[in-house]
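Quick one: structure below, then a few questions.
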Amino acid sequence: MTINIIIITALVTSALWTAMTVRLLRSAVGLAITSAILAILMFRLCSPIAAVFELSVCAGLIFAIFISAITVTGRITNEQIVLKKKLRLRRFWLLPVIVIIAAIVLTQIHFHAIFNLPAQPVENNVKIILWNMRHLDLLGQVVILLAGAFGVVILFKEWKND
Amino acid sequence: MTNDMSQLFWMCSIGGILVFIIGIYCILVTFNLIRAIIGLELLTKTVTLFLILAGYVTGRTGLAQALAITLIVIEVVVIAIAAGVILCVFRHNKTIDVKLLRNIKG
Amino acid sequence: MLSLFLLLPLLGIIALNLPYKGKKDTVALLYVLLLSVGQAIVVLFHPANFWHMPDFWGRFFHLALYADNLTLVLILSIGIVMSAAVLVAWQTISESKSRLNFINLALVALIGMNGTVLLTDIFSLYVFLEVTAISSFILIAFQRDLNALEGAFKYIVLSALATIMMLSAIAALLLFSGDTSFASVSQAVKNNCCNPIIIFAITLFVCGLFIKGGLVPFHGWLPAAYSAAPAAVSVLLAGIVTKVAGIYVLIRLVRDVFGPVGAINDILMIVGIISIIIGALAALKQDDFKKILAYSSISQVGYIILGLGCGSPLGIAGAIFHLFNHSIFKSLLFVNSAAVEKQTGSTDINKMGGLGAKMPFSNASCLIATFSTAGIPPAAGFWSKLMIIIALWQNGYHAYAAVAILVSVITLAYLLAIQRKVFFGILPDELKNIKEAGIWIVLPAATLAIIIIGVGVFFPFLFNSFLVPVSNFFK
Amino acid sequence: MNANILLMLVIIPLVAAILILAIRRLSEIIALLATGSMLIIAIALFRQNLTYSLSLPWAGFGIEFIFRLYHFSAFILLAITAFAFLIVLYSCSFMHGKNYVNQFYSYLLISAAMANGAVLADNFVLLLFFWEGLLVTLFGLIAIGGKEAFRTATKMFIIVGVSDLCLMIGIGLVWYLTGTLTISKITVPLNTLGCTAFILLMIGAISKGGSMPFHSWIPDAAVDAPLPFMAFLPASLEKLLGIYLLARITLDMFKLTTGSWLSILLMTIGAITILLAVMMALIQKDYKKLLSYHAISQVGYMILGIGTCLPIGIIGGLFHMINNALYKSCLFLTAGSVEKQTGTTDLNKLGGLWSKMPVTAVCFLITAASISGVPPFNGFFSKEMIYDAAMERHPIFYIAALLGSFLTAASFLKLGHAAFFGKRNQENENTKEASLPMLIPMVIIAAICVLFGLYHRSAVGTFLTPILTEQFVEHDASVLLVTLTAIVLILAVIHHIIGTEIHGGGVKAADHIHHAPVLGGIYDKAEKRLFDPYEIGLKIVNVISKILSFMDKAVDWIYNSMTVNSAYAASDTIKNLNTGNYSLYIIWSLAGGVIVLIMMLKGFGS
């Protein structure tokens, strides 16, 4: 239980850092760390395959997308950071306060629920479920990947006047 | 057993809700388009967590993982498209300031 | 053979992107026209052996698809609007590669929408909503015009928010149902109808759909996306995409899956009436042709929701009929705006005037669509509005009915303002040499206008053969 | 014979009307052929004397396309088609060379079609359809007369339109009361609503017939409209239709009895119409106008006859209807001949035409005698029957009718004297007899007048008695009444002679009545149309419209400042709220979501 609390605290902290940090690059790194912590939590919640996916895709692929986007849009200089810091602080100081208050309030709620556990043992093999039972989702995934490919081709295409 | 489960569920939910708050705040307050997308990404993390959690407490981890994997794949594509849009905006405006993306009013 | 609705477009996408040379864009146009007209024809002539034939693909795939009368109405609308949009795109986009891109994405959207209306699984619903949404993001942005990018970005952000709401709701429902199919979710909701988590989940889901459907106060992205999108995309987006993604799903879930949980009917009616009023008022002082139409869309969607929230079979039948009518007349109006935009290069109605003499087809069809929108007989919109208003009255919602009628007047006012400023009045000097838009805009406009009048005139026949079965389905 | 033949009676003239519009040159021939074939069909149908019924699917909701032919309608059809044929024949010569000839024929044929349809219709909505159609052609027929005619046409349109509105409401009431629109199945009890319905329907019927107070367009039309129109529509066709409907509602649908106050109402309307209209007729100095007032006055007799609710009165009224249609149309036709040959209908300019136009003069004499009720012409017998019935109800109605008769005779003596006898005007020296196509209809109608008079028993027996459900045996006119009539006629002659002596001229024979102490003032005002309900109505409407326009402006101002401006203000507010900032949109959505959640939980709590 304690381990879980630590992991969740770490998750929230890294998310907070992601949101608060000034440099975009650090923010992206923070996101990757958040993903990694989430993956650990997923391991603990008996979902190893999803965790591996989360780790590889979110901490890997999405991180890469962000890094490339950030490099294209340009990194900012240190002077700009100093200048921005004050402005940002003015907008973001409220966030940790809200998070802490929310955390305190939520932990005070006594939650109890009875969940619908399966009567018979159910198929819990991800591969079987994904490949045999959710063909429609797979079809959707294929189409989305195709659409994503079109999107990348269309939106990332070199501009003629450049 | 159920009590433990209940407690774990609630704890993880609290974590999810806090991350959700952070994500929303990030989207609302930031002046940077990329950070807005990062905020969205945080929100998606929450949802992934919720799905896995729901699978775990009801003993259907297989289904939940299948859903989570699908979600992750879709999420990547959305992020890629959003990044593409941001890049195009950058090429127009030479900046990714949110405040310059308010031309369509009223 | 329901899977053909998904597999044929997919096949098309793959075939169109194989590396070979040739007139790909013409082939692509013909293919997408064939598919969309074909699906309209399949609905209209309703060959029994098509709908009931066991799925050949079913041996390999488990695509849990299901079609009832509501689905058929939507499939029909998708087919009609898709063909109109593709033709308009053909006229408005000149570059061969862009045409091909548009058609590819239109096919993706077709898969997304067909899947959305056919499936029976709440998670697959999310997947196909995302398919539809992603194709619309790219379609809005694909000319890379700054305003279009802004619209696309707002759509992405709000749509992501909606998605997250829906996914949270799915996760919460999963706690009780253990499965994601409509049947088990419905059962779970029925068994735990007083559980706050269920109520919370349903609220989240419905709010997500409100965002997707663009209802007030969830509508912020809609005017930007509609007005900034390229002309053909506006037709597609306003005509069918948001209707399928938001409104159809809302109807399906609220009626079939969730049932009248808690105060959901009251909420639908309140959101509906607010949308009607705010949408109409906002449209009143706009200068931009497409923005007027966008706000009008919000207002008309409000009518659909109002009919749905009223809960009686007549109200639901009216809502579905209005959904169909709305997809026809709103796409017609956007086709007209595309014609005007294409010929004058602007959508500012203050810069226009007297185009009626130069563009008679656009003028006439726009007038017909106006009548349908404002609910003036014999246009089709009159009947659906009448059904909704009668249903409201019968169920004792007299104030709602009165407001619905009053707003019809405002609707007429802002749409006639378009007529007056664009088609009547004096022709400005710089527009002296204007001509009627090309055949690929006039043809869909004329067809849609004929559909409106035809449905309106033959409504008494349609009512018994078509609409009553649709609402009976919900019993 | 197939029941579909009934449709032909409507279709033939309609097709012919369209053809005439298309082929201008053959308009006369087509019109003659069409009306001739209609006449043949009508004769055949009448001779068969069967009941036909034709039902076609139509609008639904109880509105069916039903034609029903029985004795009464067959008889009216016969009359309509016969008049149509004769008038077309007459018009061939009269209208020759005038403007709008093809329009005239086409409207005339459409009118005939509509009238046939209205007579045959067994469904109230169908009836109304044809009835209103007739209104439109009526408008067209008057309006082709010229600019001034258009004003008259509008006047007619409003007057008839208002009364048709009453008819519509009445039909609605009947539907509400009985639940059916099929005329032959309707029986309405005479309670309060029933009486209201009856009065509304009656207004529709008698205004079509041209009774007071719905008469005022007829004299105007007489001046403006083409003359064959007057002979066809107000003189014959409208009377036939109006009285037909009146007879049907009183006899079949409402089953009015002598005890009902509605009967008294009808009789009063009849008596007033007779007297007032004939008083106006007496002082007219224009051939056509004089006739048109008589066209109004004679309706009074019919309404009086039917209103008595006695078999003899009803038969008398209907007999008078057909007689009046005959002699009145013939009279108008003689007016037409005179107009055509001399170019005027002003009585001051006419005179001594009998030697120049002998046939016309003879026809005029016969029909004038007929309308005045001189035996042995047909008018005498129908009037006698009405007198009989009126006497039986109350002597006052009888006296009114008799007085009417006296004035009628006096006015026709004056007319005849002024137009055909007396001193010949210098301008009319070269006048010739009218052409043959104009003479034939006049002679035929005059001959029928004589025949109906001589064989009045068989005429009544063939045409009218079967209409009544109860047995009707015609008895000899009472000696007293006949004697009184004779005395009145003689008095009229004496009055005329004295009047001529005093004022020196046929035209002025009735001037002493015109200028009598009290009457003179009234007449002057009436001539200035001060008593015309339409004119009075116009004045009232003017005042009301001024008030309304003021109120409208006030409301407009309130509307503009309140509704429109506030709507625009709201629109501006909403526009300003849409700042283009997507964060704001997200906040809206979240706030909306929170509100929805609260509502959901509240609803779930309750």
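A few remarks follow.
Order of writing sets the labels: A, B, C and D. Residues in every chain begin at 1.
Note that in this section a contact is a pair of C-beta atoms (placed from the backbone, for glycine too) under 8 Å apart; a residue touches a chain by one contact, two chains touch by 3 or more.
Computed from a predicted model, the values in this text were never measured in an experiment.
Touching chain A and chain D at once are the following chains: B, C.
The mean-CA centres of chain A and chain C are about 32 angstrom from one another, to the nearest whole unit.
Put simply, the C-alpha centre of chain B and that of chain D have 83 angstrom between them. Rounded to whole angstrom units, the spacing between the C-alpha centres of chain A and chain B is 6. For the pair chain B and chain C, the distance between C-alpha centroids works out to 27 Å. Chain B has residues 27, 29, 53, 55, 57-58, 60, 63-64, 67, 70, 74, 77, 81, 84-86, 88, 91, 101-104, 106 in contact with two or more other chains. Counting partners per residue, chain C has 123, 127, 130, 134, 137-138, 141, 144, 150, 153, 157, 161, 175, 178, 223-224, 282, 286 as the residues that reach two or more other chains. Touching two or more other chains at once are residues 113, 115-116, 118, 122, 133-134, 137, 140-141, 144, 147-148, 151, 154-155, 159 of chain A. Interchain contacts give a graph that is no line, ring or star and is not complete, per the touch definition above. The full set of touching chain pairs reads A-B, A-C, B-C, B-D, C-D. For chain D in complex with chain B, the touching residues are 575-576, 578-583, 586-587, 590.
On the chain B side of its complex with chain A, the touching residues are 2-15, 17-19, 21-23, 25-26, 29-30, 32, 34-35, 37-39, 41-42, 45, 48-49, 52-53, 55-70, 72-77, 79-81, 83-88, 90-91, 96.
Remark: chain C residues 6, 10, 13, 61-65, 101, 104-105, 108, 111-112, 115, 119, 121, 123-124, 127-128, 130-131, 134-135, 137-138, 141-142, 144, 175-178, 188, 197 touch chain A in the complex. Residues of chain A that touch chain B in their complex: 1, 4-5, 8-9, 11-12, 15-16, 18-19, 24, 27-28, 31, 34-35, 38, 41-42, 45-47, 49-50, 53-54, 57-58, 61-62, 65-66, 68-70, 72-73, 91-92, 94-95, 98-99, 102-103, 106-107, 109, 111-118, 122-126, 128-130, 133-134, 137, 140-141, 144-145, 147-148, 151-152, 154-156, 159, 162.
Interface residues of chain B facing chain D in the complex, by the touch rule stated above, are 24, 27-29, 98, 101-106.
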